[in-house]
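Before any comments, here is the structure.
We just call them A, B, C and D in the order they show up, numbering each chain from 1.
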Amino acid sequence: MVLVSRAMSTADASGLTELRDALRQFAEEREWDQYHSPKNLASALAVEAAELLERFQWLTEDESRNLPPTELAKVREEMADVLNYLVRLADKLDVSLLEAARDKIKVNALKYPVDKARGSARKYSEL
Amino acid sequence: MVLVSRAMSTADASGLTELRDALRQFAEEREWDQYHSPKNLASALAVEAAELLERFQWLTEDESRNLPPTELAKVREEMADVLNYLVRLADKLDVSLLEAARDKIKVNALKYPVDKARGSARKYSEL
Amino acid sequence: MVLVSRAMSTADASGLTELRDALRQFAEEREWDQYHSPKNLASALAVEAAELLERFQWLTEDESRNLPPTELAKVREEMADVLNYLVRLADKLDVSLLEAARDKIKVNALKYPVDKARGSARKYSEL
Amino acid sequence: MVLVSRAMSTADASGLTELRDALRQFAEEREWDQYHSPKNLASALAVEAAELLERFQWLTEDESRNLPPTELAKVREEMADVLNYLVRLADKLDVSLLEAARDKIKVNALKYPVDKARGSARKYSEL
């Protein structure tokens, strides 16, 4: 159990680490680091997130839960773009995404205690 | 070498998988699944990406490369929000983020061949 | 009728022109022109549009049609932010917003002919 | 002077009013009101703002101040999309955009007093 847990913890971020390295190489080969300032990467990330949103903007919520396969394929590609820019930005800023995500869940658990937040979509400042 | 590689491949997405499970539990405890349609999650993701961008909007590119620690901490938190909504959306759509990201890199390698894209920020359709 | 129409056409953009001037003065007094490059203004505009979206992200479409007054007041303020940055960007790029908007309607009328687009939310490239 | 001012005030929003009417007719002819909930329009607005940002994302600030004519034409078209969705949303929510914008400038004048905000890009909460 301990061994498994340690192994997982060691390899924990390996998927994202490999992805980071692949993206790093991709940018280096194309001499794109000159464009990849954190400011620009944050812009590109926001643009890709909006392209993802565009696939859903005229759908009902129910339709968005039942995408036809060709549409899901496009959505999946936009999600990849978002992740790739996020990983690239994390690389430039030396941020561990998984640690940051776990830390944020802890913060949110305090902001949104179960008994107050249950069934409510209100922002923590309005709970 | 083979063993390591296989171990990594097995545990490859374990970080993101654990994160997915933690987020799933977080939403279940708060009965938030009713709000988490893919359409709504895509909106929330775009909003978080914009909050991340906000931290950079008046900075020069150089300033964005040299964030003071307090500012970096806020940026890191916004990146966590982006990842968490992306993982949540992937869960709802049953998308493997790492596979999608790897597939997209292959697509981009064809769209942006090294000899044409080197040193250029132009879109593939304008290369 | 002709007189009215000419008067309107003369004063046509006067509301936006006055707004442009007020925003110009606001920025000058604060020495903010140094930050207001078109690139930065476009970022700020996207950030404000996302803050507007944030007010709607967990609402149903029906709820979004029936905002309580306090919520509508916040939405109205975010819409103002969007318009103000858009007018500021138009000033910096010397673009006439109303002319641009009218021209775009003509373009869209060709992209979305009534008989093809009626009742459909599909993008023009998919009609 | 008073007459001119009153005439301007009467016709003040006439450009935006005409635009609102043109967009209203455009949507009606295509039976698009069913899709134009405030929630969906806010999404569409955010998407268009991101498409505008996309034109700038890899440019330096200086490059963004000196767009070549073909690029400016594309930027102008994206700005038109932003305005059109904003006017459409204002129509659905019965918001006067110009009044809202003027009111917001007054709010911002209090948030950003000249002596504190001069030459600073900091947010009002951090001044």
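The rule is short, and it goes like this: a contact is a pair of C-beta atoms (placed from the backbone, for glycine too) under 8 Å apart; a residue touches a chain by one contact, two chains touch by 3 or more.
Keep in mind it's a predicted model, so treat the numbers as computed, not measured.
Across A-C and A-D, the chain pair carrying more C-beta contacts is A-D. Against reference pair A-B, the listed pairs C-D, B-D or B-C yield one interface repeat, C-D (criterion: more than half of contact pairs the same by residue number). Measuring from the averaged C-alpha position of chain A to that of chain D gives a distance of 29 Å.
With touch defined as above, residues shared between interfaces to two or more other chains in chain C number as follows: 35, 40, 43, 46, 49-50, 53, 56, 58-61, 121.
The part of chain B that touches chain A in the complex is made up of residues 7-8, 11-16, 18-19, 22-23, 26, 29-32, 34-35, 37-40, 42-43, 45-46, 48-50, 52-53, 55-56, 59-65, 67, 72, 75-77, 79-84, 86-87, 89-90, 92-93, 95, 97-98, 100-105, 107-109, 112, 114, 117-121.
Considering their complex, residues 43, 46, 50, 58-61, 121 of chain A touch chain C. Within the complex formed with chain C, the chain B residues making contact are 35, 40, 43-44, 46-47, 49-51, 53-54, 56-58.
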